[in-house]
Structure formats: C-alpha cells, structure tokens
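There are two complexes below, and they share subunit A, which is joined by subunit B in the first and by subunit C in the second.
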Partner chain A sequence: MGLLSKKDAVLLSDPLADNNPITIQVLGICSALAITAELKASIVMAVSVLFVLGLGNVVISLMRNIIPSKIRIIVQLIVVATLVIIVDLVLKAFAYELSKTLSVFVGLIITNCIIMGRFEAFALGNGPWRSFLDGIGNAVGYGVILIAVGFFRELLGSGTLLGFKVLGDSIEKTGLYALGYENNGFMLLSPMALIVVGIIIWIQRSRNTSLIEEN
Partner chain B sequence: MEHLELFFKSIFIDNMVFATFLGMCSYLAVSKKVATAVGLGAAVIFVLAVTVPLNWLLDQYILQDGALAWLGEEYAQYDLSFLSFIMFIATIATMVQLVEIIVEKFSPSLYNSLGIFLPLIAVNCAILGGSLFMQSREIPTLGLSLTYGVGSGIGWFLAILAIAAIREKIRYSSVPPALRGLGITFIITGLMAIGFMSFGGMLTGGDEEKKEEKPVTEVAIKKKTEKTSAKEMVAENTNIN
Partner chain C sequence: MSLKQNLHNLKEKYKGTKMAPAFNAIHTFLYLPNEVTHGGTHIKAADDLKRTMNIVIMALVPCLLFGMFNAGYQHYAAIDGSLRTDVLANFFTFDNLWIGIIKVLPLVIVSYGVGLLVEFIFAVIKGHEVEEGYLVTGMLVPLIVPIDTPLWMLAVAVVFGVVIGKEVFGGTGMNILNPALTIRAFLFFAYPTWMSGDKVWVYDAVNRTGTADAISGETILGSYAQNQEVIYSTFDKFMGFIPGSVGETSTFLILVGAAILIFTKIASWRIILSAFVGAAVMGLIFNQIVAADIITDSSKFYGLMNTVWWEHLTIGGLAFGAVFMATDPVTGSQTNKGKWIYGFLIGFISIMIRVFNPAYPEGVFLAILLMNVFAPTIDHYVVQGNVKKRLKRTKVKIA
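Coming up: the complex of A and B.
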C-alpha cells in the first residue's frame, strides 16, 4: 500500500462488505433493482454510478467550503444532474440499445440516495482525495451487489450471461436443456429482484452476525 | 374514461414501488410505524400532484424537440430535451421548498405532520421518476398528467401503508435472526409485488384497447382468456415501460 495509507484503504474496502451501501446502509436501491434482469445492463449501471459518484464526490469536496449550507441540496443536485446528463449522452451515442433498456433509470441516478448520501455524509467534510476513494469504494460496493443480482437473474431467468447461451440453447434443446432443464421465467420479473437481494442480505448477515438488527 | 383508466393503471399496475422500485429508499427507511408512513405517503401524493403537471408544461413548451415554436419561427428547430434532467430536478427542488413554505403559512397542523418529510422528498426517486415516466410515456394532456401524478402518488401511499402495517405486526413473530429487519422487508415486498402483478390482467395491452373503445363486458371476458398469459403480459408491460 505505497499509495494508500491504512486509513484510506479502509475507505475503499469497508463499503465492499461490512458497510455495503445496498445491504447495510440501504441506499441506492431505487434505481438498482429494476435494471438487473440482464447482466449487461447491471454492469453499465454500475459503471455509470462509479463515474458519477467518484467524480461528484471530488467536485463537492472541492466546493465544500464555498457552498452555503442552506442551498447545498440544490448545489448537489445540479452537480449530479450535470454528470448524469454526460453519462446519458454518452450512452445514447455509443450504446443506444442499452440506453433504451435502461430508459428512465439513467436519469434516476440523480436521485439515487447513495449519491446524495455520500455527498452529505462524506464529501462535505473531507478532502478531495479521500472523497474520491470513498466514492469509488461505495460505487464498487453498489456495483458488486448489482452485478451479483444481474448474474443470477440472467442465468436462471434466460439461461444466458451477457447474451451468451452458457447453458445451451433452450429452443434446440442442447446442453442442460437436453436433460429437461427449463428457464425460470419468473426470475426476469421485477419481484424476484427484491427476493434475490433479500437472500443476499440473509447470507451476509448469517456469516457476520454482528450485522443482525433488533427487529 | 381515459382518466379513470390511467388512474387505476398508475395505482395498481404500474405501481411505483412494486413495478418500478421507485422511492425504495424512503419506503424502507420510513416504514417502521404506520403513522409516519401515512405522513410521508401523503406528502408524496401532494408533491407528485404538483410537480408532474408542472414538468409536463415545461416539457411541452420548453424542452421537447420543436417545443419553442411558440416563441417564433426561428426557435422551432431547437431540441432542449437533453436538459430535462436538470430542469425537472430543479423544478422539484424549488416546488418542494415552495410547498413547504405555503403549507407552513396556511396549515400549521398539516405542516407539523408533513414537515420533516417534505425536504426528504426532493431526493425521493418516486418524484423524479414520476416526471421522467410522464415524459417517456408521452402523456398527451395536462389533465392526464395530473391524473397520472395523483394516481402514482396514491399507489406509493398504498404500498408504504401496507408494508408499515405488516412491519408493525411482524415484530411479534419469530423471524430468523439474520433476516430480521431489512432482509424480511425485502422478501415481503417481493411477495407483495407478486400479488400486485395479478392486477396486470386488469388492463392488459391498455394502449391498444384505448383506441378501440371496447365495452366493459368484452374486456372482462378478454381478461379471463388472457389470464393464463398474464405473466407474459406483465413482462411485456414492464419492458415497454
């Protein structure tokens, strides 16, 4: 850890597990669940949030001493909205199909609680480098859950990963399908995202009992 | 009729929480007690009812491709739709502030019950989501956008009320320790969402039927025959949305 001091490394590693934004802080669930039916969309969403949160944290942190606290919410919203517009335009230019699948959920990164939450809780009180690390750490923690949910939903729901037919062809009955395996179409519907996240939380808390809530 | 259809569609079928997961953060955070859940739900209905029509006007007369034509010929070719995120969120943030001031002035009792929730609402995804869906679904008139706003708000209200009531009761049951709190709430919400999916049969393919103006009885029969394929229908609906 030449570049990172121990304290900084914690900023990066903590949100990955014990302080995960989705499963522990309960932030950013809003736009996370609806787009996880496909792995590809989950990855794009995770990368977009990484970009917005990493950069946004730095910008807010640089401005933290000149923002009057009364109007800080508006300032934060403008910063996020600008970054999200950049993401949206880039997606429309280079991955038009994908931006159609994500539809309004790119725009909803603006009100993704994880972003406002990190601005409020961290970037307003810390220097740019530490804020950057915090942003990256939290965005990666968010992305890990998103990609895990996307992985299981796409694998079990349509038998593909990133569009590749990893389990064989369901129409020509090759691979696993020859043995009578069927896709679980239910995994593609929105309620299953909630249940998959619920199960992830369950597993995480069974492994680390200190996270268990008092009802 | 159009209004009624959109109203019920936005409450039950395209329910903010169960179909699109909007406003999940506050939905999970503020649903421990029924009383607070009612306060937040009422505030969401209120703010959605104000901001969706307002953003509809903005979209129609400023942001859309060629929307500036009312300013004169030379403005007709401008397309400002890339600004919609920033305009919508600015409108929402200012409206929330305004609403807060007005409510405080004219109805202190309502302010006391909504007060703490109003500022929270500016960053509730359900509010921005309402405006963005209004834009992407191309809702045609101002009146319909109001109906859509109110309907979505009521849908959100119902969802948070239901989960808060369940969470109040679940305190007396023995949930596996690791699932307590957040985990079980997720799973209950998932189960409720499955329940709400059955409403999908109510107005399947609403958009095509609207144009044909079918009598109600026929729709009811159609509903029965389509029940088997309701799953695909819902999948299709959510994809379109």
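Coming up: the complex of A and C.
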C-alpha cells in the first residue's frame, strides 16, 4: 500500500459513499442549495471547502493538545475564519466575477456545518496526517455532490455547462431549441436543488439498502 | 375466447411474478374481477376506490366537453369578434369541437399515457398493485393547463408530479400534496412563459405573435390586473364563454359537477362552501379598502381589488379548485371542523394571492398546495381541542 494504510484509506473513501456529509449526514445543505445553479460556482465552492477543511483539520489537530476545551469553539472559528478570508481574497484577486456570483457564500463557509463538525468530531482527537485525510475525504464527498447537483441544474436550467451552450442557443433557436425544447426555469430556483439532492439520496439508498434507517 | 377470459388467463399465468400488478390492473380496470372473498363476515358497500374515482371523472366530463368547444370558440372569436354577439349560436359548432379534438384530446392522452406508465413502472418495481389514484389526476391535469401547452412539457411535468408529488411518499393515499396541482405548479415555475401572459390561453395565439394575424387572449383576471375594461358579460363569465385554462372556465358546469360529488357524498360540501365563503370575505375586505379610499387607481393592485366580490367567485380557477382540488380526501383535512377552516383559508388566500400578484393574477393552485401542507396541523389542533374539551367535562363530573 505504501503511503496509505488500510485504516487511513477508509478515512478517504468513507465520506465519498456510505458516510457522505451531504447525502447521509445531511450537513452543508444551505450552500448546496444556494450556489449550485451554475456548475462553475459549484466547482469553486468545492475547491474552497477542500482547501479550508484540509488545512483547517491539520491546524486544529496540531493545536488539539493546547486548546482549552472551554473555548475550543472560538479557536475553531478563528482558524476557519482565517482560512476563509484567504480564499475570499484570492477569489477577489483572480476571479472577481465569480466571487460576485458566490457573494456571501464564501464568507459563509465559516458556518458550513461540515467544517465545524469535522473539527469537533475528528481533528480534536486525531493526529495531523489522519486529520488531513479525513478533511480531504469529507471535502471531496461534499464537492462531488455539489458538482453533480450543479451539473444537472445548469444543464437543465440554463442549457449550458460552464457557460458553454451545449444544447444549442436558446435565443437563436439552434440545436435542441429548434425542436421546441425550453429551459426549465424551476431548475434555477433553490427548491429544485433540494429535490435533486433528494433524488441523489434516494438513488444511493436504493442501491445500498443498509443505509435505510429502521422506523 | 373473450378478452376477459384472455386477460384472466394472462393474470393467472403471471401470478407471483414481477409483472403481475400490471396485468391485474388492466383486468380490474376493464372488468369486474371474478374473485370474491371466502369465509368470514364482511361489511358490503357499493363504493370502492375504483367506483369513487369513476364518479369524479364523470363529474369532470361536462367540463372537459365544454372545454373542447370553448377551445375552438375562443380561437374563432379572437379572430372575428362579432361571433361574441350571439354566443349560443356560435358555440356548439363542429368547427369549435374539431379544434377541441385536435388540441385537448392530445393533452388528455399524454396525461393518462405518461402518468399511468409511471404508475405501472412503480407498481412493478415496488411489487404492489397499481393504484387507482391516477385516474382522477390524469383527468384533472389537462383541464387546468393552458390550451397551447406543448405536449412534451406536460409529459415532463406529469413524471415529476407523479414521482415527486406522490410515489416518493408511498403512492396513492400517502401523498401530502395534490399530484395534479404539483404538476401545475411544476409547469408554472419551470416554464412561466407558457403558463402566463395574454398569448397562451387561446389556441394558436403564440404562433401568430408578431404576424398580421396576431390575436390576443387575455384572461379576465389579466385584464383586471392591468385595470382594463372587460368585454365579457356576467352571463359569459358564469357560463364559461371566456378564455382560460382548458376546463376551468365554466362555473356553471363546475357547480353541476359539485352537485354530483356532493350527492354521492364523495366531496365534502363543507370544504366547497367554506372555500367560496373565504373567497367572498377576502373580496369584500378588498372592496372595503377601495371604498375607504385607502388605495387609489394609481396602485397596481387597484384593478383586482376593485373587482366586485361576487365576481371573484366566477372568474379564474377558484370554483374548479374549490370543487375538484380542495376536496381531495387524501390531502385535505379529515375532521369536520378542520374542513371548515381548511376550505375557508383556501378561498381567503386564493383571492389574496390573486390580488397581490399582478404579474400572474391567479393563486388558487398555490393556496391549495399551501393548505395541503397545513391540513394535518389543522386536524391535529381540532382533535387536541376536542380531547381537552372532553377532559374538562369529565373533571367537572368527578368534582
């Protein structure tokens, strides 16, 4: 195996499938609903969370023995806030238009429950390497769902992918639009993101019935 | 060998396999099943789910037939306004019916075809019998969409409505929202240009936009919302010789349907009556606001607020919603007191949305969906109130 022991590999693979932060733990839903109308925004959000969670987990893990437990939430918040400000400033410097689309939601990464959840549940009790893997695993698990939702919402809602008109031009009526196809405006509204996430959860649970809770 | 015998043999052949529900459903739909229960005592009643659904469909047929004639009538009357001077002579013509046949029947066929296909697929996958619930939904859907709705849009919406509105909750009888209205709401939010404006309500108006033959088909609510005069008489509005969704224009025929449903005790008269009362009360309140000069004709809400309260009852989809949608026994309130509250709020909120949303002046489907969500809560408090009252009574007796 080399780099990863079996126990460490689970940290990476588990959040991707059977312990996905969005579809199983139902965390981080707010951002999944708010910014997934475009694929590009979803990807940037996924990368931002990957950076914040991966690095934040390592920082918290390194400091875990010196943080007084009474004020640990505040310390965690400061760590996330620092990292989020870095992401925000980088976006403003190199992708200004995009940072406007994401607007407050980059800042709101601070309140993303997945991040605080991983700090509390994992980084405070594990070494930096394992915390790093856990952070990466959870951020990728979050990002995969975000990108999947963003893909369907942009494709069906605007007929584009990353801004490319893959289905033809809706104003000049080329491609599919010549046949009378129209964009589904509902896809651009947040409720539809909830329904798309719901359908993903549905598919996942019907494929792996052990995930279904007993009533 | 007769078809019935053939079907019976097929049913026997596939018994216990995955496809069994599909053959069962076809057999039950076309014929009375020849199985009877053996042993034990049973309460016998003439109305099963199949018969209940059939009566609702029968109550809807007058609206459908009228809608087919009206489709053609509105089309020709928009081209030649003089037709409106003698409605009765120009209404029941074959030309009108023909437009109804080529425009309305495809809506009905797509609605039933797609919806039943989804139901069959789910029945086979989940291994239960095909439920009768869609029989009514499939008839309601074509009646509440604009005439020019593209068929593929209807198909997409039906799949969405049946799967997300009903099947994810566990099928007929378990749904929170009325599936027909879920379909309507999906169309409204997904394809707003096809669901509102002054072009979609009359056949061919969309295609003619921008040409010399352009015709307009503004609904009455649309005209009122823009503070315009309406050319239709009260008789026209009540009888339904007006543009609108396919089957909801005729308040008269809807009331005929209501009479059938109330007589057979399928729909609750409490809900129907209280919905009309609620709408009238809201209309009266708005009339009073205008009368008190709180709002002037510079306001964008003035047109609809100034509409006489009883007129609100005959125009738009209020009557259709109150009679055929609000009374859905699955999604409505169950307790008698709850039914009064539920119906009243539907009417009340319908008119409120209608007035305060000038861009799309109709709110019946939104009001009913909203109250569908609240129906269990209403029932809960009605039951709790009753429990408390009785507890109090026993306490008094003991003391």
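As a convention for this text, the second predicted complex is superposed on the first by the 213 of 215 C-alpha atoms of A that agree within 3 Å, B and C clash if a C-alpha of one lies under 4 Å from a C-alpha of the other, contacts with A are read in each partner's own complex, and residues count from 1 in each chain.
Basically, contacts are C-beta pairs under 8 Å (C-beta built on N, C-alpha and C of every residue); 3 or more make two chains touch, one makes a residue touch a chain.
None of these values were measured; they are calculated from a predicted model.
**Q** Touching A:I73 in the superposition: subunit B (first), subunit C (second), both, neither?
**A** A:I73: touches subunit B, not subunit C.
**Q** Of the two partner chains, subunit B (first) and subunit C (second), which one does A:L189 touch, if any: first, second, both, or neither?
**A** Once the two structures are laid over each other on A, A:L189 reaches both partners.
**Q** In the overlay, answer first, second, both or neither for which of subunit B and subunit C A:A34 touches.
**A** The answer is first: A:A34 touches subunit B but not subunit C.
**Q** Under the stated touch criterion, which partner chain does A:W202 make contact with: subunit B (first), subunit C (second), both, or neither?
**A** Both partners, subunit B and subunit C.
**Q** In the overlaid three-chain picture, which partner chain does A:D88 touch, first (subunit B) or second (subunit C), both, or neither?
**A** first
**Q** Using the superposition on chain A described above, determine whether A:T111 touches subunit B (first), subunit C (second), both, or neither.
**A** Once the two structures are laid over each other on A, A:T111 reaches subunit B alone.
**Q** So in the superposed three-chain picture, is A:L162 touching just subunit B, just subunit C, both, or none of them (first/second/both/neither)?
**A** neither
**Q** Which partner reaches more residues of subunit A, subunit B or subunit C?
**A** B
**Q** Is A:G180 in contact with subunit B, with subunit C, with both, or with neither (first, second, both, neither)?
**A** second
**Q** Indicate the residue numbers of subunit A shared between its subunit B interface and its subunit C interface, in ascending order.
**A** 185-186, 189, 195, 198, 202
**Q** Enumerate the contact residues on subunit A facing subunit B in the complex.
**A** Residue positions touching the partner: 23, 26-34, 73-74, 77-78, 81-82, 84-85, 88-89, 103-104, 107-108, 110-113, 116, 185-186, 188-195, 197-199, 201-202, 205-206, 209, 212-215.
**Q** Touching residues of subunit C toward subunit A in the complex: what are they?
**A** My answer: residues 150, 152-153, 156, 164, 168, 186, 189-194.
**Q** Okay, in this complex, where on subunit A does subunit C touch?
**A** 180-182, 184-187, 189, 195, 198, 202
**Q** What residues of subunit B sit close enough to touch subunit A in their complex?
**A** Against subunit A, subunit B makes touches at 18-25, 28-29, 82-86, 88-90, 93, 119, 122-129, 132-133, 135-136, 170-171, 175-184, 186-187, 189-191, 193-194, 197, 231, 234-235, 238, 241.
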